[in-house]
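Here chain A shows up in two complexes: once beside chain B, once beside chain C.
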Partner chain A sequence: MRNGAEILKLGTLTITWWCIIFGAVWIACYLVGVALPMMLSSYDSDAARMTAETLKALTPILSVLVFIPINAMFMVLIERRALAIFTVRLGPNRVGPDGYLQTAADAVKLLFKEDITPHGADAFMFTLAPIVFFAPSIFGAMPLLAAVTNYHELFQIVNLPTGIFFILAASSVPVVGIVMGGWASNNKYSLVGGLRSAAQAISYEIPLVLSLVTICLLAGSLDVVQIAKQQSGGILNWNILGGGALRGLDAALALKFSNSAPALQELSEKSFDQVLKSSYVEPTMAALGLSAGQESMAGIIAVVAVLVLIAATFIAYGLYMTGACAEINRIPFDLPEAESELVSGYNTEYSGIKFAIFFLAEFTNLFIVASIAAVMFLGGGDCPVPAWLGTMLGGPQLASVINQALTPLIQIKLVDPPTLFAAIWVILKVYSIVFFAVLIRGTLPRFRIDQLMDFGWKRLIPLSLIVFLLVVFAREFVNVHVGS
Partner chain B sequence: MEQFEMLKTWAETNVESVMFYILATISIPLAYGVILDRAIIRSGFILIGVFGSICGLFLLLQAQFLALAQLMIYAVGITLVIVIALMLTNPRMERTQLSTAAPANQLGAFMVAVGLFMTIYLSVRPENWTLSSEPLDSANVEVLGRALTTDYSLPFEFASVLLLAALIGAVMLAKAEKPPKPGEDDYEYSVVDDGPTAGDARPDKEPVASGR
Partner chain C sequence: MATDTEVDLTPRLKTDEMLINMGPQHPATHGVLRLILTLDGEIVRHTEPILGHLHRAQEWQGQNRTWFQYQALIDRVDYLSGMFTSWAMARAAEVVDGCEVPERAEYLRVMVSEMNRITSHLLWLGTYLIDLGAMFGFPFYPFREREKLLELFEEIAGQRMMFNYIRIGGVMRNPKDAWLSKLKKFTEEFPDRVDEYEAIVTENPIFLKRTKGVGILRKELGMDYGITGPSIRASGVNIDLRRTKPYSVYPKLKFDVPVNDRDGDTFDRYIFRIREMRQSNEIIKQCLDMLPQGEISGKKQIAGLRVKAGEGFAAVESPRGTLGCYIISNGSDRAYRIKWRNPSFCNLSILPELLKNHPIADVMAIFGSIDVILPDVDR
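For the complex of A and B:
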């Protein structure tokens, strides 16, 4: 633990920046979505009413626009500092207090640099490419906002019945921007980078989509809010652990340990074994058409099916993370911009604000794929502690103490407790995944292009198809999220 | 209040047609751009714009699933087309070399275009369709999925078999390696400077698989 001091500094930096980012987003949303409409509601005129409604509808867009630049600055900083720790260096620590303002200075520098269009480039396409790369990542992430804020009324407008499909469709557009930038630069390195990115994105989109389809199959829905809601109630209900296959176990444990919980009144007549039996043995018997004497066989089949589901969803999570890493061109899949081979690929010729937009989009994409993972696999804004264990440990008392402390803020509608708790859990989950991606970047070397193709087509795609088939069959024997 | 109500009724009746005209004015010039632009790569990128605005039209018709499928499939699909166009042509040279087609070809192309237009017009003209003013079910993706896996499962499977055949055919075409005739340089290796021993089997210089 010789670098314990550095890790502590990283922790302080993270928490400080979180306060800056989410404080800014929270206050902006509050001003536009709540405070201004409340002030306007005192005027009784059409114009005031319309303005208030428009402001409310614009809140999600505003929150994203405030969030993206600050968040990208933080993510670049945390990435550089964390990589420095992994490689036993110090990292940026000069600008501002302990290097906190390094990336802010970088951003200012990038914005004031001269914007060069190379000779012979297709100027229109050259300018359009960063926009095509960046814009879809903003509007594609919109439905996620409804899921991560626990369906707050200001964000209900961005929810879609086909949420995850919309996110996937929007996230398939940025590759066009890379190819466009690569071609328009009039540079052979850029062109090779663009072509590589097209090949890579198309290959790795298949396992990525198949792993998410597997989860949609277990959830029975494409709506991200519904998928997040189904997983509430602790880690045993999360999609990464069987997509709801452990819900029966959760109910039985809840009965065993805290049968005084008011939510479980209807179960209190049954015993632990009866709950387990009704949630695992009976569905299996119904699915196989077994008679009353074959309960032990049904029990074995149910246990096997549950284990298969857990393994399958866990592998699906791994597949999603691998595919997502490749989609957003992160190490070990950063072949489109491999700086040691292609002098940084598709963005070789970019400078100034256009380069800044490419850079911004890359980090925003990392954040978005991490939030998709958090919503689809890790329960969205759900507390990982199971509800019954939380009750035993005094969760409700803690929540009421926090509510008491926040009462003045709740009264002016600055804080909405369900949204606040959901947001905190989502922030922790998403940045853990981001940190994991940084860890991977510090650990693994880059693939070669033929290894990349082999790995995608010969390993990941067959594996994702196998996982999909296993889930299709195994879910017949167990009660999963679908239909609940 | 009166103004507000008026605005509301106007929006309810007209917003759809206004949006339609906006999308149409975007998509028609872009569609012309696809065939008029001399640089083939640029036409490819413009085509993505055309499909994007058609995606908007589907959204106006409340066909959310179709709109998103349009975006997802064509954005990636056309990127592939562009990549292939890049590999097969030299787009920068072509801009100056393209010349107008011979008059006979122009006439033939015009006839084909008219025939195609007539066929499409006759099949989609409004008399053949029953119109309904019923609001669409909000769970229309579910209905679509159910229909595809029950009533229309056979056509669906046929379509997938067709795609599979196309895929296998493409692999076969790409993999077709002619055995080099004696005395003739193998063109795949001729890029590499082989010196006097050209044509020898050299296992360490296998052609690199293209990145697709």
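For the complex of A and C:
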């Protein structure tokens, strides 16, 4: 069981790095967003107040700037170590304790490397390309910050009513950087890589956006904070399981299993069956205009509609992940940098810090698409255990014990328990998706470009349209998140 | 019917062919092959392989080194299957010299050669999957088994790749009983391992999409170009020197030569190599059971080793095809003239035909599937 030991080491490494990354971000946010403004508030002047407000407003940007480089280092390391386990190797284990600092050393090396501009290249565009590629990953994910921090007051400023729209718009900008870099490099391989990337991004953005539109349709909102909040209360409310179609079941189960504090106050007098009836049968009857005698038929229709919704949202999740893999050029869709064909594709000619920026942005994009999936499909910062089951298992007691232990920290506003729990769940969800992407990388070969286009246009886009239509029809019969 | 108002629908955009230079420093060309590809969009219209980056004058060196020295050198010709190059030269020298090879030595030769065939195919499997873009994951699993065999080689020959084990007149060392039992253990577990590769590769939809119907090698075309080895057997030509022109103890062994019943594509070339590995494993098993006692060399292995005057040719079935060696000796301690017939060189000649009208992404899928070793091409 050498593998067992390696997996254990990987786990230790992951937790250590999580502590480093999120500790750093947490402390930076605390210093700039809370501690400094508190100090400034003792001065009674307009200048001090304005400075304090500015500092608070800058906190989200600061958190992202601190987070992105450290996180990318960690993701590269975890990818290399995990791939090593998949491929019966050991992976980097020499720099620092057990290889913990390998990627930090790599980053330093890249920063000090000679920055070469190839002969005949368009120097201005060549320099601009990595910036265009990287910039959207800094500002693009801003609206997500409010969702993953449980709408913490410091991050409310970055919330947009059309958040998901903004995120998608920003995520389609990096391809311009790739084409720019490919064209400016004066290298045929780079050029082919850049053009492939453009074609691929256009094809796969459609299923990706359609799958997210499906979710927005169920949620009735483009606001990521609202979408995340709707899903609170356990796995049954998550968008991946029908987008709120199981809320009624959740409420009924809560009534059945919890002796105290039913989930919905107005239902407390009713029985399990009555709750199910009022949440599934009655809306269907209302939608179809059925009379009182046709309840069993309405029940069947409601069950079918719920199953269709669950299947549709599940497929939408698959479509999103596929489209996202293509969008960020991961195997099996890494054609823009296909190593066996195009040497390294659009970044063949890049070296030093420009290459480092490309690299950084690639991994940040992976993290961002994983966070979008976590917020849009997997409930954001919500605990997967349903609330009533959590109550039965002693969740509130545990929470109060933790609150008690953290009291001194809460008093100095270093810790806000809802934000802390939300952050922990988001980290777990996002990194599970990242691990899944690594696993795929360790398993699949690469598509050919024409097969990739076929797959995108002939399979994924029709499928995503079908899912969209199914959801449009099925949600007529079931109460989903909309309006709740 | 043409009318006056007919619109001309031919594209107005001027398109041009693009020359692209693949290699010799491309990460996927398996060494130092240079291909000049003429591309129309992403479609290859014309290919020109440029050889010779790895030319080391191996034939000339044979005339300027003693037999004893040259034996150690020729393993480098095809560095993934050194046993076969040694064997081809040893057989040619034995034909010229007329010396007897003890039976035990013949069995040992068959055994180590088939082991070498397995290692060669395993490495091909791993690198071929890398060519298809599976950069991580299963490419490393074949290396796990290959490592075990390399350790066995190290034990018996003192070297992991440049064995210098098969000598003129016999073999170099007698294996110990522990070595034989280790090999037996390997042959017992190896079929399960091959099943493992097949489970993850043979039914992988992306793998099938990339290989099925790609790079079809027509039987007649292959015969015209003199293709040998698994590549041509996958296209339906039954040529395997172990059966068609038997040598050594192969007539006494039971094994199948898998031959396709249609023109093979890259997937066929993959699956026939997998089948060949299974057959090689069977051969090793039989050799282990039938291995007789006795001498291991019919000629004294000394630095002044001489081969009688005369000329002769001998060929063996290497993992890549027919590997032949032609020797003229004048009775001195070195050859008068040596000429090699290398399978990689002949197999590579078909590449421009196979690549025609395939997209650039298939270049490596096809090139990888004919399994070329560049030192074997350039010598």
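Keep in mind that, in the parts below, the second predicted complex is superposed on the first by the 477 of 484 C-alpha atoms of A that agree within 3 Å, B and C clash if a C-alpha of one lies under 4 Å from a C-alpha of the other, contacts with A are read in each partner's own complex, and residues count from 1 in each chain.
The rule is short, and it goes like this: a residue touches a chain if its C-beta (ideal position, glycine included) is under 8 Å from a C-beta of that chain, and two chains touch if they have at least 3 such contacts.
Please read these numbers as outputs of a predicted model, since none were measured by experiment.
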Partner chain(s) touched by A:Ile449 [first = chain B, second = chain C, both, neither]: both
Which of chain B and chain C A:Arg441 touches, first, second, both or neither: second
Which superposed partner A:Ile202 touches (first chain B, second chain C, both, neither): first
Touching partner for A:Phe134 - first (chain B), second (chain C), both, neither: neither
Touched partner set for A:Met50, first chain B, second chain C, both or neither: first
First (chain B), second (chain C), both or neither touched by A:Thr87: second
Chain B versus chain C as contact partner of A:Phe377, first or second or both or neither: neither
Contacts of A:Tyr100 with chain B and chain C, given as first, second, both or neither: neither
Common interface positions of chain A, toward chain B and toward chain C: 449-450
Chain A partner contacts - residues on chain B that touch it in the complex: 1, 3-4, 7, 39, 41-42, 45, 48, 64-65, 68-69, 71-72, 75-76, 78-80, 82-83, 86, 138-139, 141, 208-209, 211-212
Touching residues on chain A, where the partner in the complex is chain C: 83, 86-89, 188-189, 192, 331-332, 334-335, 338-341, 343, 441-451
Chain A to chain B touching residues, read off their complex: 46, 49-50, 122, 125, 160-162, 165-166, 168-170, 172-173, 175-176, 179-180, 183, 191, 195-196, 198-199, 201-202, 205, 222, 449-450, 453
Residues of chain C defined as touching chain A within the complex: 18, 20, 26-28, 42, 129-141, 144, 200, 204, 206-207, 209-210, 359-364
